[in-house]
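Presented sequentially are two complexes of subunit A, the first with subunit B as partner and the second with subunit C.
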Partner chain A sequence: MSGNSKLRRQWLRWRFHLSALLVLIPLGFMPQYFHEAKLDRGLRGLGEREIGNLQVGPWTARMAEWEVGEPEDEGRAGFVKAFTLAFCDSCSPQVKAAYLRIGQPRSLRAAGGLFAGTPHQQFAEVTIPARVTPADQLWLTVEGWDGAVHQAQIPLDQASPSLVAWLEKTRSNR
Partner chain B sequence: MKAILKYSALLLGLAASASALAHAPFCECTALDADTIRCVGGFTDGSDAPGVTLDVMRAADNQVLMPGKLGADSSLTFKRPAEDFYILFDVGPGYQVEVEPSEIKGI
Partner chain C sequence: MSKKSRSRLWFLVHSWLALPIWFFVFLVCITGTLATVSQEIVWLFDPAVRANAPDDDAPRLGYDQVLAAVAQQQPQAAVHMLSAPSESHFALLARVTYPDSSSAALYVNPYTGVIQGKVPLFDFRQFTRALHGWWLVPFTHGFSWGWYLVSLLGLPMLASLVTGLVVYKRFWRGFLKPTLRLRQGARIFWGDAHRLMGIWSIWFIAVIAITGTWFLIQAVLYDNAISISSEGVPTIIQRDSIPLSADGKAPPRIGLDAAVLSAQQRIPGLEPTFFRLPSSAYDPLHIFGKAWYPLMFESAQVNPYDGSVASTRLLGDRSGLEFVTESMRPLHTGDFGGVWVKLIWFVFGLILSMMVLSGLMIWSKRTLIATAKQLKQQKARERINVAATAETSQ
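== the complex of A and B ==
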C-alpha cells in the first residue's frame, strides 16, 4: 500500500469505520456475558436448572444442573456435564468429600468427579462415556469426616432432561 | 495498523486461553495383539502423564490385578488378564478414567 494507490485510499477512508465495528462486535456477546455473570454470582440460584433437594445418609443437599444444554466436548476426554451442589449449613462441616458420576461407582477410589468450591456452590463435572444410556442414573457419593460413606441416586431424566435428549439423539445415530 | 493487529492478537490469545485451561484426563487403550494391550494417558491441554497410576483391576471384586505406572512416553503395555477386568487410569481423587474391555480398540 504505497503512495496514492487505490487500495491505500480505501484503507485510509474506511479504517475509522472498521475500528468502530470492532468496538461494536462485543455488544453482540453482552446478553450471554450478563447471563453468565448472573450465574457466577449466584443470582440465578445454584445453577440454570434446580434438580431439587436430596437426602444422602444423614445429610441434605440441593443440586442443580449448571447449564442446561448439551454436554461440553472435551476432545479426547469425551463429553462432560457440570452439576452444582450445596449441603445444608449444618451438614457442610461434617462432609469430607462428595463425588458424582453416571452409573454406580465400583469403589470409593473411582467415585467420579470431585465437588469443589464454596459450601454454598460446589462444582463437579461428570464424564459421559459412550456406554452411558438415558436409563442410567447419576450417583452422588458423600464421604464424611467420620469415615461413613453414603450414596444417593438421581435418574438422568430428572437430573438433566437436556442430557437425556442429547443421549437419545447421539445414541440413535450410531 | 500495527496497533490493531497487536490488540487483535491479544484478544485472540485471551479467547484461546479459556479452552487451554481445560485439562481433563483421558486414557486410550489399544489391543496390540490377542494378548497385549497398550494404554496411553494424558490431559486434554496436551500435557503428558508420565508416572501416573494405571492399574488393571479385577472386575469381580475391584482389587488391583496389575499395578502400573505410565512410562516416560505416557504409555503402559501389559499382558491381557485371563479374567474379567477393567483399566483404571488414576490421576488423583476425582480424576479417574475407567476403560472397559469393550472400549479397547482392536478387541
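== the complex of A and C ==
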C-alpha cells in the first residue's frame, strides 16, 4: 500500500511536467532529419536506383528511378512515379525537351510527362494508367532543337522493379 | 451561477489550458522565437553569409554579372534559383546542381560575385524552423503529424488569451497603471509580471494564435485535397512562340536584367527578391518580388526567348480570402519588414515564452489551492442539496 501511495505522490508531483517527454520526438527524428538533408544535397546520385545509359537517336542519357517503392497516390491525378534523367554533356545543348510515358505515345503532344530541372538532373513524373501491365514499356521521347524526334523504350521491369511488384500486387487483387 | 463563481470558473479554465502541456508550449515558443532571428544568428556566426562591399561606394552587380561570376568560378554548376534577400547585408543565394547530381546553395557576394561559401549540412536556420514548425517529424504523405501537433497549440493559445482577458477584470486599467510589485513575495511578483506582459502583448498573442491556427487549417485543407487557390495551371511557353533554330542549337535567351526590366513595366515598383530560372524549354523565367504590400509576393513569368511577360500573379489576382490566408505566414514569422520587425517579433516571442513560465509559477503557488477549494465548495453544495432533498421528501 505504501509503495502505491509513493507512486501516486510521484504522479501528482510530476504529471504536469510529463509534456517534457515530447522532446523525445524531435530527438528521435534527428538522425532521419540529417539523412534527408543529405539526400536533398543530391548525395543519392541521379536517383535512388540507376537504370543505366540509354541511347536515344544521336544522344545518350542516364536515367534513374528517383525513389524505389510504390508509386505515389496523387488523388484525382492517379498514381505517379518520378524518374530522373541527365543527357551527356555534348547532348544537352542540342536537346529541346524530353518526355516520359508508359506505353507508346500517339503523338508528340501526348508524349507524357515533361522532364524539367537542370541539365545535370531533370525530373519527370509518369502517371500509371489503370490498364498498365508489367509487360508494358516506358517510352522516352526526345525532341531536338533541330526539330528531330527520337524515341527509346525501357521495359518496365528494368525501369522500376518496385513498380512492377506493385502492379502485380494490385492487379491480382482485382 | 453567480457572477463570482462564473469568473472563478473562467479562471480555472484559463489556468488549466496550458498547464498539462506547459513544457511543450514553452519549447515551441522558445524555438519559434529563435526562428524569427535565425537568419541573423547565422549572419553573426558565418562570414560567408555577409554581403560586405569592397569599399563604400562599390555598386552591386547586375544579376547577369552575378550569374557570369558563378559560371566563371564553377563552370560545372547549373544555377536554377537565385535569391536576393531584400535586406542588403545578406549575400545572394544561388541554388546549383553539379554533374554528379549533387546540389548546393552558394552564398555569393553581391558586389564582387565571389562565391563565399555554401549552406552547411547543419543549416541552423532550416533546423530551427523544422524544429519549431513540425517538431522534426518528416513529411511523408501530406503534412507531417508534427505539424499538427504544433499548430494545434494555436487553439489553447487563443483560448488562453480570451479567458485571460475575461479573468483580468478591467484589464485596460493595467495600461494606465502598470504594476509590478517586486518585494511582496514570489506569487505577487509572478502574477503582476504575467498580467503586465500579457496586456502589452495582446496583439502579438492574437497574431501568433490566429496564424498558428491557420497553419492547422491549412494542413487540414491540404490533406483533404481542398483547395482555396485562385491560381490557375502553371504558365508554359507555347510551342509556336519558341523560335525555330536552323543550326540545331538552342535559341538565345534574354538575361535576368532584361527580364526584370520587362517585368517592371508590367508591375511598377517590383523589387525582385527571387528568380527561378527556366527548368525546361517551355518553362518561363519566374521573377518574384514585392511591390507596395509587404506581406505578399507578386510575380511575373517572362518568356526567355523574346522577353515578353507571359503571365503575372498580382495582388489583385488574389481573392479576398487569399489576401487573408496568404498574409498569415509572414505575420507569424515577422519576416516582412527587415531586421527591426524581426527584432520586435523576437522580443515579443521572448515575452510569450515568459508568459508560459510565469503562468506555471503562479499555478504552482496558487491554482492547486484554488482547485481544491472549488471542489470542496461543490461537494459542500451537493451535501446541502442532498440534505435538502432528504428533508423535503420526509
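In the analysis below, the second predicted complex is superposed on the first by the 141 of 174 C-alpha atoms of A that agree within 3 Å, B and C clash if a C-alpha of one lies under 4 Å from a C-alpha of the other, contacts with A are read in each partner's own complex, and residues count from 1 in each chain.
In this section, contacts are C-beta pairs under 8 Å (C-beta built on N, C-alpha and C of every residue); 3 or more make two chains touch, one makes a residue touch a chain.
Note that the coordinates shown come from a computational prediction; the quantities given were computed from them, not determined experimentally.
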{"item": "Subunit B versus subunit C as contact partner of A:19, first or second or both or neither", "value": "both"}
{"item": "Which of subunit B and subunit C A:151 touches, first, second, both or neither", "value": "neither"}
{"item": "Partner touching more residues of subunit A, whether subunit B or subunit C", "value": "C"}
{"item": "First, second, both or neither for A:114, with subunit B first and subunit C second", "value": "both"}
{"item": "Which of subunit B and subunit C A:162 touches, first, second, both or neither", "value": "neither"}
{"item": "Which superposed partner A:129 touches (first subunit B, second subunit C, both, neither)", "value": "first"}
{"item": "First (subunit B), second (subunit C), both or neither touched by A:75", "value": "both"}
{"item": "Which superposed partner A:60 touches (first subunit B, second subunit C, both, neither)", "value": "neither"}
{"item": "Which of subunit B and subunit C A:97 touches, first, second, both or neither", "value": "both"}
{"item": "Where subunit A meets both subunit C and subunit B, residue numbers", "value": "15, 19, 22, 75-76, 97, 114, 116"}
{"item": "Contact set on subunit A toward subunit C in their complex", "value": "15-20, 22-23, 25-26, 29-30, 32-34, 36-38, 40-46, 72-73, 75-76, 84, 86, 89, 93-94, 96-97, 114-122, 144-147"}
{"item": "Residues on subunit B engaged by subunit A in the complex (per definition of touch)", "value": "1, 4, 22, 24-26, 28, 42-44, 57, 62, 86, 88, 90, 93-98, 100, 102-103"}
{"item": "Sites on subunit A touched by subunit B in the complex", "value": "15, 19, 22, 74-78, 80, 97, 99, 106-107, 109-110, 112-114, 116, 124-125, 127, 129-131"}
{"item": "Complex contact set, residues of subunit C against subunit A", "value": "19-25, 27, 78, 80, 96-104, 121-123, 126-127, 130-131, 135-138, 141, 146, 149, 225, 244-245, 247-251, 279-283"}
